[in-house]
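One structure, as structure tokens, below. Some questions next.
Chain IDs A, B, C, D, E and F follow the sequence of writing; residue 1 opens each chain.
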Amino acid sequence: MELLVVRDRRIDYDGSAIRSHWAYRNFGILGNSLVVFRGRCNVRVEEMIDIEDLRAKKEIRSDDMVHYIVEVFDVPNVLLASALQKLFVARLCEVLGEYGIKTSRKGDDIYVNGKKLSISIATVSPVSIKIHIGINVEAKGIPEGIEATGLRELGINDVEEFMERTGRALVEEFEKVKRDSLKVRWAG
Amino acid sequence: MELLVVRDRRIDYDGSAIRSHWAYRNFGILGNSLVVFRGRCNVRVEEMIDIEDLRAKKEIRSDDMVHYIVEVFDVPNVLLASALQKLFVARLCEVLGEYGIKTSRKGDDIYVNGKKLSISIATVSPVSIKIHIGINVEAKGIPEGIEATGLRELGINDVEEFMERTGRALVEEFEKVKRDSLKVRWAG
Amino acid sequence: MELLVVRDRRIDYDGSAIRSHWAYRNFGILGNSLVVFRGRCNVRVEEMIDIEDLRAKKEIRSDDMVHYIVEVFDVPNVLLASALQKLFVARLCEVLGEYGIKTSRKGDDIYVNGKKLSISIATVSPVSIKIHIGINVEAKGIPEGIEATGLRELGINDVEEFMERTGRALVEEFEKVKRDSLKVRWAG
Amino acid sequence: MELLVVRDRRIDYDGSAIRSHWAYRNFGILGNSLVVFRGRCNVRVEEMIDIEDLRAKKEIRSDDMVHYIVEVFDVPNVLLASALQKLFVARLCEVLGEYGIKTSRKGDDIYVNGKKLSISIATVSPVSIKIHIGINVEAKGIPEGIEATGLRELGINDVEEFMERTGRALVEEFEKVKRDSLKVRWAG
Amino acid sequence: MELLVVRDRRIDYDGSAIRSHWAYRNFGILGNSLVVFRGRCNVRVEEMIDIEDLRAKKEIRSDDMVHYIVEVFDVPNVLLASALQKLFVARLCEVLGEYGIKTSRKGDDIYVNGKKLSISIATVSPVSIKIHIGINVEAKGIPEGIEATGLRELGINDVEEFMERTGRALVEEFEKVKRDSLKVRWAG
Amino acid sequence: MELLVVRDRRIDYDGSAIRSHWAYRNFGILGNSLVVFRGRCNVRVEEMIDIEDLRAKKEIRSDDMVHYIVEVFDVPNVLLASALQKLFVARLCEVLGEYGIKTSRKGDDIYVNGKKLSISIATVSPVSIKIHIGINVEAKGIPEGIEATGLRELGINDVEEFMERTGRALVEEFEKVKRDSLKVRWAG
């Protein structure tokens, strides 16, 4: 899994990055990839993936987020998409723990002291698994009624270092998952 | 995913429980399942799944362990097996955190203060995913050269309650993974 | 497989219900489902699934039908879609037999005394199998040149009871198929 | 699907025909096949596929049966195996109906007047789907406690004609399933 | 795999033939197929499959080409699509060798004396593998900057005979691939 | 795909190298691999993969061969196994062409002047694709009735250089197949 941390510019997330080959089309990265970038979040209705959100006409917004876009081509299966997503979110919680932040994970959501830190979605295209995770840098521009928090509120001010560190952690996690899948004989 | 916590008796783990349909053959449980039980661990060479262990002629033993045997029939794929395994181990760490124990996860291994608490393997049969996780109750009967710890050393004495609580946590995690995989539209 | 029999209102079938997640979008039903409803049938050309019909510019219409929409997420494969469809149609024939009606099945079509009682299509989306079966309540509004019949002509006047009974029969059939698939060891 | 009706000799069924490539090994038939033959049935414990039977230590025997061995290489999936099996059994009931025999199908079992006419199993090998259906020619040599019937009791004396006719009916059913799976566009 | 060599008319290739079921929609051919035809080539941007070409805003054109459109429904997997494509291109080189032409294959491209003779793309739809190969009849109308050659330049003037001969060769190659896949037992 | 050319010793091929994870068990190579080695060939009956050979009780022997063992974990499908095998054999013919040797390929067999140069088999394990190709160094120890040839007869005396060069060519071919499969958008 190739890692790209976009440092030199902001990229806003409107949901279209969830489509297949986004990393290849935009950055020329072939195959499994994780692109980490920073920017606004405002998901257009026609790009919404979670039908629960669509049915509830939820808004998905934040003024400043760290975004993770994962694409895995090996097995375009929704159950693997959903399992990898939870594992990546759990790994992010572990890294936040290294920063001294105590998190509570509920499936694919990260909470700190009851406040929502992140959003996430996982799905498939006909050729790949796609996962988006977004972590608030500041809890601004969040839809009403959601108590949110952000990295700054939690004392993480070097956002770029956080992007780098979490990016490496997620790629290492995936590589471990992949490697272990290759070193076991099948059971009868 | 059906949960069975075996409370009334000990079951030793010799590796054969990793085969497909073990839960159905032994307990009549059909479909996805998690069986939690307690007993010795001594994996026979012919049941070893990790070829790295086989090559190194490692011993896999412990006098007293809590064992988790997972079987998932949906998609018999090694990458999903490996991802689910890491997610389950991460979830166990989170539950240990609720007990006030600070863990460090390295892939599918749990460490506390640099001491190994657990073993695990994940693979496929031609019809299912199989995962075994074992957690030392006491660090006895461990192969030489491994610094190990156990639940008792960490202050968890009500092993049955631990089996129950972790069993429920893992089943809920899987159900969340499954449910989320069904509520997302596919991406283009 | 969850069963929903829509009793309180009519729903017209224009072909769009064949898309993935229709039951979740419209009724909040997650996972495998069968929705039984009653209404007109008039399939819009852009929703036609059978390319043979498209090539022949066939019309697919009926003024009053009982509709069955099946979605199965387990294995989005066209051969399974087509096999399940034929099995469901065969099961409907068996239930009609319990009403004393002698049917003749030709693949996915039901005939009574040489007259067409039903229409059906089975396909896949990138995440699921989708099947539509429609049974005429009355042979009205049928395209010219087709000799058709309907439930009323065959003496079945309690349409709601028929919807209920057939709905349960199809769900039971699927559950049996699923359950049996889990209790067999693999062959060498 | 190639059809072979073995007319010139009896073949006893001990369960080993359920393994992959049986038709190719024994008759040189490559690819999807249905072999219909006649002979005793006495399934050896080590060849039993149904773990429910294994757990109950059931005997599976009959002195004289028509046997159908199906192998389908397209998609080695247990759900498709189980769905095709039920469809084939439903089709056999329809053909029996053409002989004037009123059957009652329960999943993969055929009953006539409450008496069991058939046995069946469906599973996968790592490369194919395998289905066995056996129909009693006479209800002799059946395990105690099972009320059984056979073709002769039902007035079907030309067993060879029955083998031919049902063989053709099952192959036609499969070909229809396959053909229909190829003529539909995918849904969104 | 059914072969159709279109002799009675020219068909221009604008890229839309790469969609699923093109052969069934246009020629009524069900299942795996190879359609060989002759015509211009000018791929519209919205039909471009190779994202590398899209990113580079390449033009894909030629005034006169022999086109091969392959569709294989068995396993809609991109790796198989890409492997079959290379095999078909290698087979075309072998046939050109029978004409006395020495080719050099680079992946899916055919060169003669350093000049490009062909273009090709392979991908999947949600239900099938699709491959396009185009061979210049004359090196006219080729995008600037590409040194190209064509069948006529190489001394092949009976284009129809070439279409016939290569069409048969590719179908035979696929049938051999398929047949061999059915006659091997699985390995442990 | 990792390449290992075994230069320091001979390894005899008895057929057991066709099993899954052979490269990992013996050389510690994880994931997709090609191992090239040299040694006798004498396939034990219980290791024979081609059921046609088994049925004909063929002998598979040669006193001195270059062996290629490929393992691909991505998609354990027999059609891909068989397609990759033909592509690899075609590639070997192209490399032999670079040596000035004119070959004739028939599926997975290489002939030179009507004499057989090679043997090959392709199959799957439950987790991978496995391919064996063997090329005679000298036509000695070949079963009676087969007209064979070998590298030495064809003027290739530097066998080690041949192993190296063909090994690199096959790995490059696979990498091209893989890379191209990742850079194409899916078709509708």
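The rule we apply is simple: a residue touches a chain if its C-beta (ideal position, glycine included) is under 8 Å from a C-beta of that chain, and two chains touch if they have at least 3 such contacts.
Here the structure is a predicted model, which is why all the values come from computation and not from measurement.
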Centroid-based (C-alpha) most distant chain relative to subunit A: D
Farthest chain (mean CA position) relative to subunit E: B
Repeat of the A-C interface, chosen from A-B, C-D or C-E (over half of contact pairs identical by residue number): C-E
Selected interface, A-B versus A-E, where C-beta contact pairs are more numerous: A-B
Subunit D and subunit E, separation of their C-alpha mean positions in angstrom: 42
Chain centre separation (subunit D, subunit F; CA means) in Å: 39
Of all residues in subunit C, the ones touching two or more other chains: 20-21, 24, 51, 73-74, 78, 124-127, 182-183, 185-186
Chain contact graph, described as a line, ring, star, complete graph or other shape: other
Every chain pair meeting the contact rule: A-B, A-C, A-E, A-F, B-C, B-D, B-F, C-D, C-E, D-E, D-F, E-F
Touch list for subunit F against partner subunit A, complex: 20-21, 24, 30-31, 73-74, 125-127, 179, 182-183, 185-186
Touch list for subunit E against partner subunit C, complex: 21, 24-25, 28, 73, 126-127
Subunit A - residues contacting subunit B, complex: 18-20, 49-52, 54, 74-75, 77-87, 90-91, 93-94, 105, 107-108, 121-126, 130, 173, 176-178, 180-188
Residue ranges of subunit C touching subunit E (in the complex, touch as defined): 51, 54-55, 78, 124-126
